[in-house]
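Both of the next two complexes hold chain A, though its partner changes from chain B to chain C.
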Partner chain A sequence: MAAIAKRQRGKTLESEGLKEALVGFGFIALPIVSFLIFFIYPLGYAAYISFFDWGPLGRVANVGLGNYREAYHDFLFHKALKNTLLYTAVVVPSQMALGLTLAVTVNQALRFRTFFRAAFYFPAVAGSIAITAVATYILASDGLLNSAVGAIRGTPYTHSWFGESSTALWSIMGLNIWTTSGTMMLFYLASLQSIPTEVYEAAAIDGARTWRTFWRITFPLLKPGHFFVAVVSVIGSLQVFDQAFFVSGGGGGPNYSTMTIVLYLYNTAITGTRFGYAAAIGIILFAIIFTLTFVQRMLFGRAEVA
Partner chain B sequence: MRKRLIVLSVPVVAIAAAILASTSQGKTTHPQAATAASGTVTLTGWSVGTTEEALLKQVIASFQRKYPKIKVKYDAIPNYDQAMLAKFSARKPPDVFYLNSEKASTWIADGLIAPLDKYISSTKFSTKPFYPRLLAAFKAKGHIYGFPKDWSPLGMEINLDLLQKAGAKAPTTWAQLRSVAQKLKPLMTGTAKPLCLSAEWQRALAFVYQNKGNVFTKGKPTFTSAAVRSAMNFYVQLQKDGLGDTPAKLGAGWCGEAIGKEKAAIAFEGNWAFPYLPDTFPSVRWKFYPLPKGKQKATLAFTVSYSTSPASKNKQAAWVLITYLTGKTGMKLWTSKGLALPARSDVKVNFPAPSRAPLLSEARYAHVWNWPAGWDKVWTVGNNELSAVMEGKESVSDMLSRIQSEAQSAK
Partner chain C sequence: MTETTGERLPPVPAVVAAEQFAREGEVAVGTPPPEIPGRKGRLRRLIVYAILFCVALLFFIPFFWDVTTSLKTLPETAGFHLWPKHPSFKAYDNALTTFNFKRYFANSFFIATVVTLMNLFLSSLGGYAFARLRFPGREVLFFFVLATLMIPNELRLVPVFQMLTDMPLVHWHLIGTYQSYFIINLVGAANLFLMRQYFLTIPKDYEEAAKLDGAGYFKTYWRVMLPLAGPALAAVTILTFQGTWNDFFWPLIVFLGNEDIFTLPLGILKFKSEFNTQWPELMAASVIAILPITILYVFFQRYFVAGVTAAGVKG
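Right, the complex of A and B next:
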């Protein structure tokens, strides 16, 4: 009797498990399918056409590895690569630092905490082109920033931030560090709030002060947060396009300073109509992003919940 | 197991995509056009201001009155190049569309534009009234791929109040350009300078032609020739001597804005200053003059044609629309407000003030901005190198060598 009941229970459990699985699959089916169609399919397509001279009407000639060889010798691509890597190397740590600072600030019991959270996140919500357009006026040679600097130091200051190759890319870096810090703040906030309060209580009992607590306890426990923010930041930085395009009018800025990989890819495809070469550049960028993400995964380990 | 299945689907789809891509044909299908010109014809251009759009709609309305059987569907699209390439790739291009002379060689070489010769011969359409240099921008291998709808050369915009205060007359030679700029220099305050000098070959090249130089001679790039070098040295020297500067240094987005904000007294721009300057900076008093003369008179011209594509649906009606819009009546109506200059010598318009006559007078010696396929990259390099020279980071000779090597390997 008990054995029959056990078997029946087993069967019900099995069919319940199957039902649960089907429901689960049903929910993720739509996002997975759209992911496959809109991300994976174009990736495969791009990989294919990168081996050809491909125009708007389709295949023109088979060039094998010719596009990749051309990229290897292309000095404009090298400039784009150098700028993009420099940009990433500066922006990623800065975004992480600023995001973490904001998250720690906003995690405390301050007055108007909700307002600050919204205010810090706001730039991520405002359109990047709109922000850049306003920035071109603020950073113009006779713009707001220079007027303020001139007023402070007494003599007029007329440096054109986006118009000089020494500061164009750095101005874009500063702009993007500020706009994306809000998103990083959110990620760090989530990670911060998952650290159990007992840890802090234990530290307080042991007499640890705030700075020490932060560096010895909070910071290491934020490893999952660091990993996630670092990966997202690297991926986003390597694909910088909007600001470079807007600030330079598509030309890559004064003296190649704002030429980024995606901007070069865009010009090659849209103005040059060389889809095959553009696809090769895209695949090279994909390989760089993939490698860096893989390296980060090895460094940070798996992102477990604390 | 299930997780593995999901993960496996990713490369499977990627490979499937590659296989599907390999089977896609690179050929176009040519649907047969309707026998008589009728039906709907789609007209697509890039987004223009409200004044221009209203005027174009007027021209279309007059076309519809003359050809009641043809219905015109007009669309102005932003991100024109991107959107048009998508339409071409999908084999669903509009029937009539704008073709920029800058892009003409590339799009024609890609097979995106239909030659009009058989329509020209069957309807005995005369191409004689078009300014030959403008029409030549849309010719390739002896075929005609479009008719210029309008054009604008580069002229010299001068702030009349500042000119008067300096007690000078508009310069007509290179030497006078320098001396007038010297006279204007003490009147310019802050970041302002007498001349606005774009770090762009789309402006500086006019000086090269004036110096009897050429960057593309007998089918080969000639950036390092002596005439080109001395012309560019003249242009760059103006900045080095403090007589002018780039728009960014002056505090403007482009030289038209520099004139409007009175950050410069003299700029080299074209008819596109209308209606921008009167609308945005109505208080500035300025006038167009022809460019100063070097060893010879020369200027640059920018033009756009109406064209159709081999894959366009209604090619018969497209031809009728194109010939109307670029015909005597259509072009006269389109250029009547002075927003664009007529590309035909048989269209005489009385422009509202200020006068475009100085611009029109340049037609005979205007060089159209039109280059072989693959030269878009040459000019990207060219403009970046020129901006480096104008930042004092490079010599003119090094710039020219670099551009020359890029042009020699252009695809």
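Right, the complex of A and C next:
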């Protein structure tokens, strides 16, 4: 009896394992298929058609590296690339510094910690378009900012911040530094969490002052946090689109001062239906993102998954 | 690093937060370091509070201006008035009826709800499988899921647009329909990650008990695991709903040419391009878009924080 029962259980265990595997595949099937269709296949497809002159009706001609060569000589693409890199170079350090400052401040034993944390994160909760709409009013020639500037100067001030090519991009930078620094603060707060309190206690016993404790202990120990925030911030900045699209009505104006890579890609693909060239621009952007992420990883010397 | 991750994930904020969230149902984000006593302590604290309040105020002003302008009339926006003389909801009325924002609101709500429900189901089911069920290639497939986070939207624009214009094999034309948005947003990799990390921390005893009672895998997932994953499900809900509600990039592409299904961001864009400086209505529209998320945020703040830090790789 016992032997039979044992054998039967062995058998059921084996088929149980198979069943478990099948059920497991079944449970993840839909996500995996959707990732294959809408992420992996597009990656290959974009790479493929970037070597063709490809229109809405399909392949027009095999142009080899022609699209990439065109990007190399394309004035507008240069402008978009320059704008995007300048944007990234300004926004990333600003976001990191502001995010870190807010995090370290909120991380103290303060009253209303939760309130401050909530207040600083709030702009990140509101949608990009709704908030850009508010910004277009505040930065309009008769907007709140000019009222304030006018009141300080004593004479009316009517600069159109998004309307002048000299300030349009910088206004978008300011807007996004403001809205996203709260997110960076949250990442830094989570990172501060992983520093054991004993470290601070030891520093306090040694009589280290707050400022020194910060630079000598907190800042270096936040290395994984710096890396994560830098990567997220760089990737987000290189893909800036919503705000540029909204303030320029999609055209990247005035005078192409708000033309970003993604905006140019969008115009090339959707308005211009030059799918092959748009795909090539996408591949170039992907390569830039990939390279910068890799460089940051070397700089911070840390493997990374999520 | 706790044992619960089951692998060597580096202590980056997302992972730290996901683990803490899984353990405590909340991300405290930041244990205050011990107070360092000093003579100047009190004055310093006062200065810190003053600065904090000023910064918080600065963060708040645009929203204040947004709301007060929406209560003004157009002539009143010309001068500088902190508060309207005769606050009225006329701009809201105009926006909702004349300028169709009632429709956009309903569309946003419908789309965000459907996408959230799909994500809840598929990410928890998949997360359960990745956390608990043993099948060959599990780790590789999970890594594959995470790798999709690396592929930027813009690279997908042309292929996805073309697919939705004429779906290979079945020849569906989906541009300008709700379905196009649903089909490309079945489930997000970040949500799968969050759910898996959460399930990994739930003790196995519960499932063993269910198994002894003869429950199958789906029943175990549905009756045992889901009820235990409340906080993670809340975070996925908030994150997905907010992300979809605020999304601009994909609706701009896939709802092309069909104003009946425009969401709030597209409605705001359309209004702005047609009535450039109708400020009260534009501000009313933006309040309509921001307010629901604000209410969610006020009530479910900890899930926002948890979700964003644990899974939010959205820049």
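Definition applied: the second predicted complex is superposed on the first by the 265 of 306 C-alpha atoms of A that agree within 3 Å, B and C clash if a C-alpha of one lies under 4 Å from a C-alpha of the other, contacts with A are read in each partner's own complex, and residues count from 1 in each chain.
Convention: contacts are C-beta pairs under 8 Å (C-beta built on N, C-alpha and C of every residue); 3 or more make two chains touch, one makes a residue touch a chain.
Predicted model only: the values in this text are computed from it and were never measured.
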Clash or fit (per the criteria above) of chain B with chain C on chain A: clash
Chain B versus chain C as contact partner of A:S165, first or second or both or neither: first
First (chain B), second (chain C), both or neither touched by A:A126: second
Which superposed partner A:F187 touches (first chain B, second chain C, both, neither): second
First, second, both or neither for A:Y87, with chain B first and chain C second: neither
Contacts of A:Y45 with chain B and chain C, given as first, second, both or neither: both
Partner chain(s) touched by A:F77 [first = chain B, second = chain C, both, neither]: neither
Touching partner for A:M259 - first (chain B), second (chain C), both, neither: first
Which superposed partner A:G272 touches (first chain B, second chain C, both, neither): first
Dominant toucher of chain A (residue count), chain B or chain C: C
Chain B versus chain C as contact partner of A:E20, first or second or both or neither: second
Clash-bearing segment of chain C relative to chain B, given 40-48, 148-156, 184-192 or 256-264: 256-264
Intersection of chain A interface sets (partners chain B, chain C): 21, 25, 32, 40-43, 45, 49, 56, 136, 140, 142, 269-270
Chain A residues within the chain B interface of the complex: 21, 25, 32, 36, 40-45, 47-49, 55-60, 76, 136, 140-143, 156, 158, 160, 162-165, 251-256, 259, 267-274
Partner chain C, residues of chain A touching it in the complex: 17, 20-25, 27-28, 30-32, 34-35, 37-43, 45-46, 49, 56, 102-103, 105-111, 113-131, 133-138, 140, 142, 144, 147, 151, 178, 180, 183, 186-194, 197, 200-201, 204, 209-210, 213, 224-225, 227-229, 232-233, 235-237, 239, 241-242, 245-246, 249, 261-262, 265-266, 269-270, 275, 278-279, 282-283, 285-286, 289-290, 302-306
Footprint of chain A on chain C - complex, ascending: 9-17, 20, 27-36, 45, 48-49, 51-52, 55-56, 59-63, 65-66, 69, 77-78, 80, 122-123, 125-126, 128-130, 133-136, 138, 141, 143-146, 148-163, 165, 183-184, 186-187, 189, 192-193, 217-218, 221, 242, 245-246, 248-249, 252-253, 256, 264-265, 268-269, 272-273, 277, 279, 282-283, 285-286, 289-290, 293-294, 297, 301, 304-305, 308-309, 312-315
Residues on chain B engaged by chain A in the complex (per definition of touch): 2, 6, 9-10, 13-18, 20-22, 24-28, 81-82, 85, 88-89, 103, 106-107, 110-112, 190-191, 199, 246-251, 253, 263, 374, 376-377, 380-381, 383-385, 387-388, 391, 393, 411
